[in-house]
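Each structure below is given as structure tokens.
The two complexes that follow have chain A in common; it is paired with chain B in the first and with chain C in the second.
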Partner chain A sequence: MFYVTMFFQYMSQYMKTRLEYRADLIVEMISDFLNQAVNLVFILVVFGHTQFLSGWSRDEIIFIYGFFLIPFALFSSFFNIWDFNERYIVKGEMDRILTRPIHSLFQVILERMELESLFGVVTGLVIVVYAGSSLDLAINWYDPFLFILFAIGGALAYAAIFIAIASIGFWSDAKTSIMPMMYNIGNYGRYPVDIYNKVIRFLLTWVLPFAFVGVYPAAYFLGKKEWYAFSFATPLIGIIFFTLSIFIWNRGIRKYRGAGN
Partner chain B sequence: MNNAIEVTQLRKEFKSYSSRTGLRGAFRDLLTRNYKIVPAVNDINFTVKQGEMVAYIGENGAGKSTTIKMLTGILEPTSGKLRVNGMNPHREREKFTRTIGVVFGQRSQLWWDIAVQESFRLLKKVYKVSDQQYDEHMGHVIKTLDIGPLLDKPVRKLSLGQRMRCELAAALIHNPPLLFLDEPTIGLDVLVKLKIREFLKEINEKYNTTILLTTHDLGDIEALCNRVVMLDEGKIVYDGELDSLKNNWAEQKEIHFQFMNHVNLSELKSLPLTFSAEWEYDEKDQTYIAYLKEEDENISQLISVVVSQFKIKDVKIHETSIEEIVRNIYEKGMN
Partner chain C sequence: MDKYVEMIRMRFLMMLAYRTDYYTGILIYSINIGAYYFLWNAIYGEKSSIEGLTSIQMTTYVAIAWMARAFYFNNIDREIAAEIKEGKVAIELIRPYNYLGMKTMQGLGEGIFRFFFFSIPGMILVALIFPIQLPYNPVSWGYFGISLLLSFVINTQINLLTGITAFFFYNNAGLIRAKRVIIDLFSGLILPISFYPFWAQDIMKYLPFQGISYVPSMIFTNGFSGSEIVYALLQQSVWVLILLIPIRLLWTAAKKQLIIQGG
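Let's look at the complex of A and B:
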């Protein structure tokens, strides 16, 4: 309960700061939107020539892309920790975090949230609805709930990977380029995994479960029965990986060396 | 009376890498790193009673900050026992941090972009302080530190002195029984220093708050602490009263004179004094320096004798700094 209160306290604080810099906020929203538009255009161009990609139609691929944007937006709003290593470990901001009576990861998340990324949820929904209607998908009454559940599961899986990578910073404070690389790999999750070779598919499922952010959960809504097992595993995978990443984080905290003055 | 801090055989080691020379060395570093284990804090013991004000001093790199970081739960000790407010700071961190206040002079605890009072409001929620407690306690703190007019300004627009006063207030929102201050007066002007010292004294008297502070400023210690713990290379080299530390190790006072006319060193040396003073001439600054023991009325006697015989342009009494005391201890050994 305390953590829920704190979440809203930090959020209102965040809004106040954001509203002070209105111009920044608008620019950021526009650039976010443009980024997504460019990605979509890319998909449209690629599929302008081929209608099918190893058994997936153009609209299905667009649907997966649209779905992917939603957990991704949730992830980028609340787990904006790509610069954790520099900001908190090299600069020693972690010292301050650790003198406050809230779980350290939760504090970092609260301090770094970027709610304007939630705008991506809207873009994602628009694309999903557009692709879904051109595919004539049937909607059951429980589908919206599953949709939310899968989106959250996907966001957790995504977050887990980045938390685990951020935790590496506790052991070694050398600058690594793993973070940007991970953002690139994360993008693979928004294409059907069966277009990749087996090794990559295995990696995207069990090691870096990015496939659970896009293609697996989306497959359920597209009625791809052969993927159902994976679709329904999404929330579970999300929770398991997330728990694991918090465990790694907590271990890492004990190795934190602090920055010299 | 309870002990606020109990430290037994506390140790913190860091691994430090040393790289080999040359390109070949760099390639070898890729495979096997040369590292040695350096103890930053080396099996130290001390206790601090509730309500004590203790200065924790030493040169840079002596292990002060590392100790403070272990005491505040930021770092986990390599070995040894540590009880602060009856808890293990690192293992029970979230519960523990509710009972301490922390000010790191070089690192802000406040949110940079928002107004000071917004930071306070958020911290008040973080520490679950009730409105009534807050109004009662903080009203007084804000008044004493004179930060009322600063409350609606964002932190980034404050001067260092203004910011430090706000930091101090922020650390006291939950009225903790134990306060850690790391260089709280660094870079501040004299008036702000005085205000902060006065305030800390008052807090200590009113709430029996334990205060542990690190500082390079002997003035801070003289104003606040009767007890000094001195650290060198990770070991405690002195733990006791400030006065005896100064009497034993800051034995000499320096008095610097500049005269209107030319004066011979031999004239100064033959001045009639009831004690012995050594004289030296510093050509660069054109000053004459007298070294003498700080006893009885030595200083006033010396000055009055000199003034009666020569025309003086400038007199400075040079206070021994902590660094010099440390150096003295180092050169002459503890006994």
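Let's look at the complex of A and C:
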């Protein structure tokens, strides 16, 4: 309960600071939106030259991209920890975090929230609805619930990867550029995994489960029966990887010695 | 002239001191090239060529477009904006050199550094992993070199323009980000211009952006025939000249409007 009230406290505080600089906020949202639009333009232009991408039609690819945006937006709003190493470990901020009465990771998440990224959920939903209706997808009563479940599962899987990598900072405070690399690898999950070779497909499924953020869960809604097993594994994968990453984080905290003054 | 050469040298040495940052940069670019490689392979499927490019040419295009980006890309717009915000620009303006010229030279120093420590090793690495066809004709390499240099100039001019806007807006971070997205899309980095629908190509013909990535990459992949190359190089040169005008105008206006907040 304490965690929930803390969460809303921080959230309202965050809103206050952000709304103070509205122009900046709007510009940021527009440039996020532009980024998403560029990827969409790429898909649209490419399908001017081909009918299918490894058996997936244009609208199916657009649907996958739209779905991907939703867990990605959830992830980037709440797990904005790509600069954790520099911001918390190198500057010694982690010492302060450890004196706080809530779990250290939760404290970091509260401080680093970026709620404006949630706008990506709206963009994603619009794209999904557009692609879904032009595909004439049948909707069951339980589909919206599965949609939410899969989106959260995907966001957890995404978060797990970044938490695990952030935890490396506890063992070595050397500057690493693994984080931006991960962001780029994450883009692989936006497209059907069958376009990649076996090694990459394996990596995206079992090592860095980026495929569970986009193509696997989306395959269920597109009625691709051959991927159903992976689709339904999404929440499970999310929970397993997330738990694992928390475990790594907690181990790391014990190793943490502090830096700076 | 000497002082500008010195600027190039200083920036080069500065970059050299932080060279380890660049090894991961090469990996990141390779990851991006890889993503597009698989994507394009799937797009080509059974087709042997699309819009006159074979799938091997396409892979080469993607690889050279990204590795060339390492050369022409710079953050001088961000640097100018930061110097204006911090008030440092006041000192810069009384120094005995042309501020914009000096910024360009710093960008060039950075570009030369990245060319040798990023583009070339990156290209070698990528050529080992993916099927890439390097031009066998020395003349193509020559044309490519000229075109790459012009692409650097055009990109830098656009960066100067966006940088100068900080004189008027104070906070132009959003504009800089938007510019980056526009250049990625309209320069031909993520898609060759010839792939766009005709109406879009017609618009882009009148924009300077394709001189940044599309022209050098097409020359490198042998996607242009002889006369097309000459025409494209001419077009790039014309844009270099045209862009001088808004820079001059905006710069004069900016100096009049300048208010130094501390410093």
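Here are some notes:
By our rule, the second predicted complex is superposed on the first by the 261 of 261 C-alpha atoms of A that agree within 3 Å, B and C clash if a C-alpha of one lies under 4 Å from a C-alpha of the other, contacts with A are read in each partner's own complex, and residues count from 1 in each chain.
Simple rule for what comes next: contacts are C-beta pairs under 8 Å (C-beta built on N, C-alpha and C of every residue); 3 or more make two chains touch, one makes a residue touch a chain.
Predicted, not measured: the structure shown is a model, and the values here were computed from it.
In the superposed model, A:Pro180 makes contact with chain C only, not with chain B.
Judged by the touch definition given at the top, the superposed model places A:Leu53 against chain C, while chain B stays out of reach. In the superposed pair of complexes, A:Met6 makes contact with chain B only, with no contact to chain C. Applying the stated contact rule after C-alpha superposition, one finds that A:His103 touches chain B and leaves chain C untouched. Using the contact criterion defined above for the overlaid structures, shared-chain residue A:Gly92 touches chain B, although it does not reach chain C. In the superposition on chain A, the residues of chain A contacted by chain B and by chain C do not overlap at all. Every residue of chain B that touches chain A in the complex is listed here, in rising order: 14, 65-66, 69, 72-76, 90, 93-98, 100, 102, 104, 106-109, 111, 113-114, 118, 122, 125-128, 182. In the complex of the two chains, the chain A residues touching chain B come out as 2, 5-6, 9-10, 13, 16-17, 20, 92-96, 98-103, 254-258, 260-261. Residue ranges on chain A touching chain C, taken from their complex, read 23-24, 27-28, 30-31, 34-35, 38, 41-42, 45-46, 48-50, 52-54, 176-178, 180-181, 184-185, 187-188, 191, 195-197, 200.
Note for the complex: chain C touches chain A at residues 21, 24-25, 27-28, 31-32, 35, 38-39, 41-45, 47, 50-51, 171, 173-175, 177-178, 181-182, 184-185, 190-191, 195-197.
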